[in-house]
Every structure is written in structure tokens, then in C-alpha cells.
Amino acid sequence: MNIHDSQLLMPGQMIDVQGSADLRQIAIERVGVKGVRAPMRWRLGDGTEQPSVGLFAMDVALPADRKGTHMSRFMALIGEQAAALDMSQLIALHREMVTLLDARRGRIEIAFPLFLRKAAPVSGIESLMDYQVTVVVDGTIDHAVADLTVLVPVTSLCPCSKTISDYGAHNQRSHVTVTVRSSEPLSLEALIATIEAQGSCELWGLLKRVDEKYVTERAYDNPKFVEDLVRDVAARLNEDKRIQRYVVEVENFESIHNHSAWARIESDA
Amino acid sequence: MNIHDSQLLMPGQMIDVQGSADLRQIAIERVGVKGVRAPMRWRLGDGTEQPSVGLFAMDVALPADRKGTHMSRFMALIGEQAAALDMSQLIALHREMVTLLDARRGRIEIAFPLFLRKAAPVSGIESLMDYQVTVVVDGTIDHAVADLTVLVPVTSLCPCSKTISDYGAHNQRSHVTVTVRSSEPLSLEALIATIEAQGSCELWGLLKRVDEKYVTERAYDNPKFVEDLVRDVAARLNEDKRIQRYVVEVENFESIHNHSAWARIESDA
Amino acid sequence: MNIHDSQLLMPGQMIDVQGSADLRQIAIERVGVKGVRAPMRWRLGDGTEQPSVGLFAMDVALPADRKGTHMSRFMALIGEQAAALDMSQLIALHREMVTLLDARRGRIEIAFPLFLRKAAPVSGIESLMDYQVTVVVDGTIDHAVADLTVLVPVTSLCPCSKTISDYGAHNQRSHVTVTVRSSEPLSLEALIATIEAQGSCELWGLLKRVDEKYVTERAYDNPKFVEDLVRDVAARLNEDKRIQRYVVEVENFESIHNHSAWARIESDA
Amino acid sequence: MNIHDSQLLMPGQMIDVQGSADLRQIAIERVGVKGVRAPMRWRLGDGTEQPSVGLFAMDVALPADRKGTHMSRFMALIGEQAAALDMSQLIALHREMVTLLDARRGRIEIAFPLFLRKAAPVSGIESLMDYQVTVVVDGTIDHAVADLTVLVPVTSLCPCSKTISDYGAHNQRSHVTVTVRSSEPLSLEALIATIEAQGSCELWGLLKRVDEKYVTERAYDNPKFVEDLVRDVAARLNEDKRIQRYVVEVENFESIHNHSAWARIESDA
């Protein structure tokens, strides 16, 4: 704003500094809020709604002639969310944001932990596993893309260690992080199950001794390098014709080193 | 375990390795699980229940002659929680854990974000603020103490900067972290409100322009060093006769430096 | 590998499991090591070498017919670094890595804190400021690009808050993160100075009272929204014809909220 | 400060707000700076000096009648450090701080990564391992105690998993964190070696295949629960008569779960 604007104001009226014109002639691709923590619910494929806590980031494009965006409108949008979220609800929220902020395009990102009940492999005892999920909707009102990311922890067991050793094999927790863009909404539960099946073994929150025997032998029977894990996940994603684009990253927190082995495959197929 | 134990087992029976005797003659003060993420609900003072996501740590004392504890029992306890938690429910959970683990004493810690709806100071517009809460119950079945910790973000404005400058004053976000042990359960909402009132100004998720004018002037009218903030919170806690022990820590993320100013007062009064 | 391979080995010889052929027909874009902490020295523009601690990630492309890469070669490369690093030394290291790993292309990323001595604006007293630097070299032996990222903390003071309030204005620490790709190596010190000059005020490790008066008034005289800050940095980068591509991100850790305002400009000019 | 103080100032003179009297009658146990990153060197037992980057926190006690401490003096002290640090140098720095800040007592904490060169167990190939070290000196000029903390990553292999499974055993990276207070300075390298020897196997940055066979079989031959690991480290510390007080914590990042097993032994012997 400049001083002349403020002289034109009526008593008690406040200047809209953000609404002023900007003379630098530089558009801003993305401007908004970040690091906003808020309660939310995620609707699973079976219609059940799971309460969680989301970390929200929302931003919009700002044309070169506009000085600022309206930060408080993002917060109002986040605060007003009453409905449970799923991918189609997120796209509706994205439309609402782009309209409310009077923007050409915008982006919403929400990261939250999701909990799934799993039965242990032998005893059948049930417990919760937590998965870190991130959803992103990005684009214009007419053309927005939705990306779904899930971090799935699994066990990996080293084939080299198994082969060269007379007994045993080093193994460790690994993080498989998959981002998918699809032609129709995917079931998050099904995607997680597909990824877990590619580990040397999957994880559970609670295991009885019969289960611990199973997971130990299962991992030993099923050794995988970080290269195998990333390829096996990619191979399964390649089979799903609904998936238009994916990124798979695997990080093995090596039990014999103080660093990670890591691999990534990206496909735009 | 040793090989002779395993020869005594019936076919199909599995050895309870953790249940064996230990010969090192060293008791373990605390052993259990850590980093367990699980959904939970917290019951507020007004009876409403707020869904959140907790990070759980649970441990028990293990006598010198016992080889190991039963890790899966902690997980079963966390998974079976159906009721909303508050301080008295936590103490009941602590009793259940110590009994189930057959332990002399134990400790439960749960950290979770809590959300409170606040009305902006002038416009009255409502939004959520998030506070990081940690609850700990520690001790024997007959004598356990409960500590409540809450991290409250506020604004601090530097008195020195205000005094020596012709205009303006540097200010920043500060974290006030208070741990209290009390003779009767305290209202978390009331404790947060007490702490917020000691900042140069409190924070809100959503502010209109009239509110932004208010918070700017309020902070400028109410400058506080990190020393003032920690003392003012301590002074208020000193007035509450139900509080038996407290720790106050304040960290100012200085806007003029790349480090923090920090202070701590501890009282066993 | 299968058991028949191992039967062909000479006594005492070990199988090269990673060297086997792979039948899945899936190439891996990037595979290597991550989270490797190692001491290093960075060579500044004036030729002085600064000791620091780097977090290294190194990876290479793996063709579809190769089962695995040689993880230990990355570690050997990191461990053998004796020379101080700068951008041209990094490109040499990249060449060495791609050759040693027998790869079509590869990527090296090193993140480390850099310390610069600054004189306070009035008293002239000197102190160190720390900046988080990340350098990346990515590509083939013949065509690799080098990106330099630096996170520069500054003060931002809100123009709206200043305008609408009778006195004071909220301000806070902000992170300006700039990534540049340039036709010739840039001086890191000069880049940092350029970025710092765009803040409402820059930061120092140590300020006397005369300096604190200066920085308070300087910020108040120079209010900037997150939009102003990101544009002003972009405008300066636009003027430097050696810069081929850049990304500017600004995050304001708002002193009146518990979340950040954030903006980003990207240019391939 | 109050307005009368400022009226007594000579022109051009600035008020010492922090030096004023305080009327709340509340002493502050600890006040100072936190999150200060600075380059430093640590002197090892053999006299060699290792460059690293430290995270510094420094604070002093403030009596009830003093309004504030002198934050800039801490920064001057950190910035002026030219000599390499070891435990006796740290105690000298502590004395200097307490004197300079005119305080009854004070505390210095520095956290930094330390790198040790290790030879692989069979091939003898050398590489660096990184250990997170924290040193604390706390107390008055005449009576200060020094605590040394080191986080040592090792492999742990589950005895239960080994016993109940026909082949294999789950294993993972574990963090053993030991804090010791001793009657005379301990060798950090010797302490680390003692701790590493208690793991199912220790870690190396770089292993050849013959080494990988060794570490795999070594861990399988040497299974340890989190309880075993914490006790075995405690047993070794009990044998060292120079150690007056210690805390041992072990966290196993379980490869079959998404949470940790954890144990702690504390001794004031």
C-alpha cells in the first residue's frame, strides 16, 4: 500500500494491504499456509471413517499484479471441514479453495497417520498398524491431479548375507514409500496390502510366539535387496492399469551399518 | 535359555525365553515399548471427548532374577483401549499394566496434540489452536504420581528492543512448556488459558484485521523478556494450592538471531 | 542367486550376489546410500576451507539386466575424500562415482552447515552465523547439472500489522531457501548476502544494544509480506545472467499464529 | 525498567533494561541460550583434534532480585572458543562462563557427532563410524559435575526369534545411549569400544563380503534381548571404579514391528 491509499480511508476503516496492486511484475506460483495441524477424519474404502490428525499445507497461484493472497481464508477452510475426507471430497475441497481465493490454480497437501487392524499371521490375534499417508491435489478447477502417497514399513532380509553366511542373515526395518496417480480412486487398504506383500515379511503391532516363528522364517525364505524390493513393488504397480504415474522409494535402515540403502523407481507409463 | 531347557519341551511347545531366570543379578529400572503410535480420545474437563493420535511409551521394572518382560502385553493394553482417557482413567490403565506385567512399578507416557476452539479477541471469529500435551503416570500400584505437560505457543515482545528503539520492537513465537503434578486433577483448558495470559500476547489460528491490530498493540503494550515470561507463569502456578510440583520452560525463537533464548524454573513447593 | 551357482564356486570363494543378472526387466533410476554422516571441508570463494559435517546421499542408475549395485563403493568414495569440496570438486567426485559404479548416470547430494563471520551493523562486533547448504550434482559423465541450495534465516515484519496498528508490528524469523543452477560457479557468500539484503532485516549471532536498536528500526522501516520477500529475492536472481534456473521458497514462522505463511517462485529463465 | 530510569540517562546513552531490579521475588534456576550451532574441535584421548559442528546450550542461575541475564555474553563465549575442547577444557569454559555472567552456578551442554576410524573385522578395510556425543558441565565454580553421553549404534539379534525358528532370527539396528559421570576423565574411544562389544554385533561404515559373513554369523551366535543388552553394558560399567554414576538406555528399532523395544538402567553406585 502507499500513503495515499490510507488517506482515502473512512474513519474506522482498515486498509486492505494485501489487496493492493504490485508493481514488481513477478507472479508467485504458490503462496499460502504451511504447518497447520488440525483434526480430520479419513473415509476408508468400506465407508468407515477414521479420526486422525492432519498436517495441512494449502497454497494458490498469485498473478503478477496482485500484492498478496488472503491467508485467513485458508484457515477458515481448514477449520470448517466437517465432512470426512477421501479423494473425491479432497477434489471438492480443492475447487472450493481455488474459488474462494479467486486463483487460477492451487494445491492442497494433507499428511496424517492411518491405522489398520491386522490379524497376526498364525495366531490371528488382532492389532493396529500405523501408516503415514499424504494426499495432494494440485491444479486448476477444471484440471486437478490427485496424488496418494503411503509409507509402508516392512522387514527386508539381505540375500547376500544369507548366501555367504553359514547361518543367519541380517535384516531390518525398511520404509517403502509409494506415490500413485490413478484414473479412478484406489483403495488405500488394498494398496498397502500390495506393498506389504513385497517385503521379505510384513510387520504387525502384536505377535505371539507362533507368529514370531512365522515372520522370522518367512523373511529368511524371502530375502530381498533394496533393489529387489523397489522392483517388486514397481512390477505390481505396473500390472494395475488404473495407475497412470507412480514413484516407489525404498529405504533400508541397515542393521549392520549406521546408514541406509536406498532405491527409487519412477514411472509415467 | 540353554539347550537343556529346550530338550524338556513337549513336541509343538515353544520355549518361553523371556520367562527364564537371569544370572547377571542386575535389576532393570525400566523396560518396555516406545514409539507406539495409536489412535486415542482425550476427555476434556467438560466431559467432551476429543479424538487424537497418541505416541505411547510404556515400561515396567524388572527384578534382577527375571530374564525379560512380556513386550506383547504392552501392545495388547494399548490396542484394547476403548474408553476415552483422562488423568483418572490413565491411573487405572497404569494399575492394569503393572498388574498384567506382574511388576513392582511401571510408567506410562502418552504424547498427543490437543485442539481447543478459541474466539478471536475482537471479531470473535472461532478457530482451532493446537497444543502438544504429554501425560505421564509413574510408580507402584499403591503410589503412582501423575504429571501433566503442555506446550503452549505464545508471542513474546522484547522490552529492551522496545525501550531502545524509536519505533517497533522485535517479537517472535515462544514455546512455554509447563509440567505440573497436582493433588487433584487440573482442567487442561484452564491451565492453557492461564499460561496464554502470561505471553506478550496469545496466538489464534485465524485473525481478522481488527484482531491483528489488537494482537499487535497488545504485544507492544506488554513486552516480556524470556525471564519475565518464565517468572510470570511460575507466579501464577505458585498461587494454585493444588499444584505440588511444577517445571516451567520458555524458549523464544528470537526473530533477530538464529538461536533461542531459554529459561527454566522448577519448584517442589 | 540359486543353489547351483554356489556349487560352482571354488572353496573359500564367495558369490557375488549383487552381480547376478536380473530377470524382472525393470531398470532402477536411482539406487545407493543415504543418511551417511561424514566430516568434510567446504572451500569458500576466497580459497579458505571450512571444516563441517556433511550428510551424504549417493546413487546411480541401474540397468534392467543388473541385479544390484555395489553399495560399499559409495562408502569407499565418501571415506576417501581428502580434498576440500567446492562445486568443481563435486563434479569431479560425481565423475569418479559414475565411473567406479559403472553407471550411465548418478547423483550426489551433500547437506552441511556453513558458518560465516559477520560484523554487527553498528558496533561492528563479529560473530558467526550458520546457514544450511545443500549441493547436488546429477547426470551423466558428459552432462551433469549442479544445484546449490542455501537456507538463509532473516527477520520478516508484517506490513499489514504495521499499517493497521497504532504502534508496533508483528515480526518473526523466516527461512528463505534458494536453489540455483548457474552457468559458472557462484560465490556462496555473495548469494547469501544477496538473500539477506531482501529480508525486513538480516540476522546476526551477536548484537550489542546499539545494534539491537538498528535491527528493530530497520525491520520496522522495511516491512515485507511473505509475498514481498519471495518476489524481492526472485527479482534479484532475475538480474544475475549466470543463473539459469532457480527456486525460491520463503517460510514465515508467524509470531501471531501457530503455523507458517509460505510462498514459492520457480524460474527456468 | 521504569520511566524514571530512562530520564536519568545521558543523551546517547542506552538503558540497561536487563540490569534492572526485579520485584517478583522469583529466582530463575536456569536462563541462557539454546540451539546455537557453531564449529568446534574435540580433543581425543590420543591428543588428536577432530573438527565437528556442535549444538550449544548455555545457561546460568539468576537471583530473584535481578531482572535479566546478559544473553550476548554467552554468544561471545561460544564465538571466542579457539582451543579444542575436552572434558577439562570444558570445565575451564564453565568457570569462565559462570564468572563472566556473575552467576552462582551454570550449565553448558554441547552435542556433536564424533567420527572414529574402524577396521572391518576380517578384511581390515578402514572406514569412519559416527557417534552422537553430548557433554554437560553443571554446577558452581567450586563444584561442577561433568557428564559424558554417547549414542552407540549396534546390531541386536532376538534370542526368542532364534530359539523358536527353524532358521534365521530377526535383528535390527539398536541405539545404546550411555551417560557417565566419573572421578577422572574417561577415554571416549575406550567407552565406545566397551559399549560396542556388548551388541550382538557392532557396526562398520564399510564391509567387504568376508566381513558381512562375519557380522552375520557373529550376531547369530550372540543373540541379545533389549534386557540383555542394557544389563551387559551396565555390568561392564559396574566394573570400572572410576565411574560414579551412569545411565544406560537401549532402543531396538524392531525389524518385525513398527515400534521400539526399550530399556534403562540407572546407577548412582
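A, B, C and D label the chains in the order they appear, each numbered from 1.
Rule of thumb we're sticking to: contacts are C-beta pairs under 8 Å (C-beta built on N, C-alpha and C of every residue); 3 or more make two chains touch, one makes a residue touch a chain.
Just so it is clear, the structure is predicted and the values come from calculations on it, not from any experiment.
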Next item on the list: Pick out the pair in A-C, A-D or B-D whose interface repeats that of B-C, meaning over half of the contact pairs match by residue number.
Entry: A-D
Checklist line | Comparison of A-D and A-B (more C-beta pairs in contact) | finding: A-D
Checklist line | Cα-centroid distance, chain A relative to chain C, in whole angstrom | finding: 24
Check: How many angstrom lie between the CA centroids of chain A and chain B, rounded to a whole number?
Finding: 27
Check: Which integer distance in Å separates the CA centroid of chain A from that of chain D?
Finding: 35
Next item on the list: Would you pick out the residues of chain C that each touch at least 2 other chains?
Entry: 14, 36-37, 75, 130, 160, 164, 205, 207, 209, 213, 258-259
Check: Taking the complex as given, what residues does chain C use to touch chain D?
Finding: 14, 16, 36-39, 50-53, 72, 75-76, 79, 113, 115, 126-128, 130, 205-210, 213
Check: Considering the complex alone, what residue numbers of chain D touch chain B?
Finding: 1, 6, 14-15, 17-18, 22, 24, 26-37, 57, 59, 62, 67-69, 71, 75, 159-160, 163-164, 225-228, 230-232, 234-235, 238, 251, 258-266
Next item on the list: Over in the complex, which chain D residues touch chain A? Could you list them?
Entry: 129-130, 153, 155, 157-158, 160-162, 164-173, 201, 203-205, 207, 209, 212-213, 215-217, 219-220, 253-259
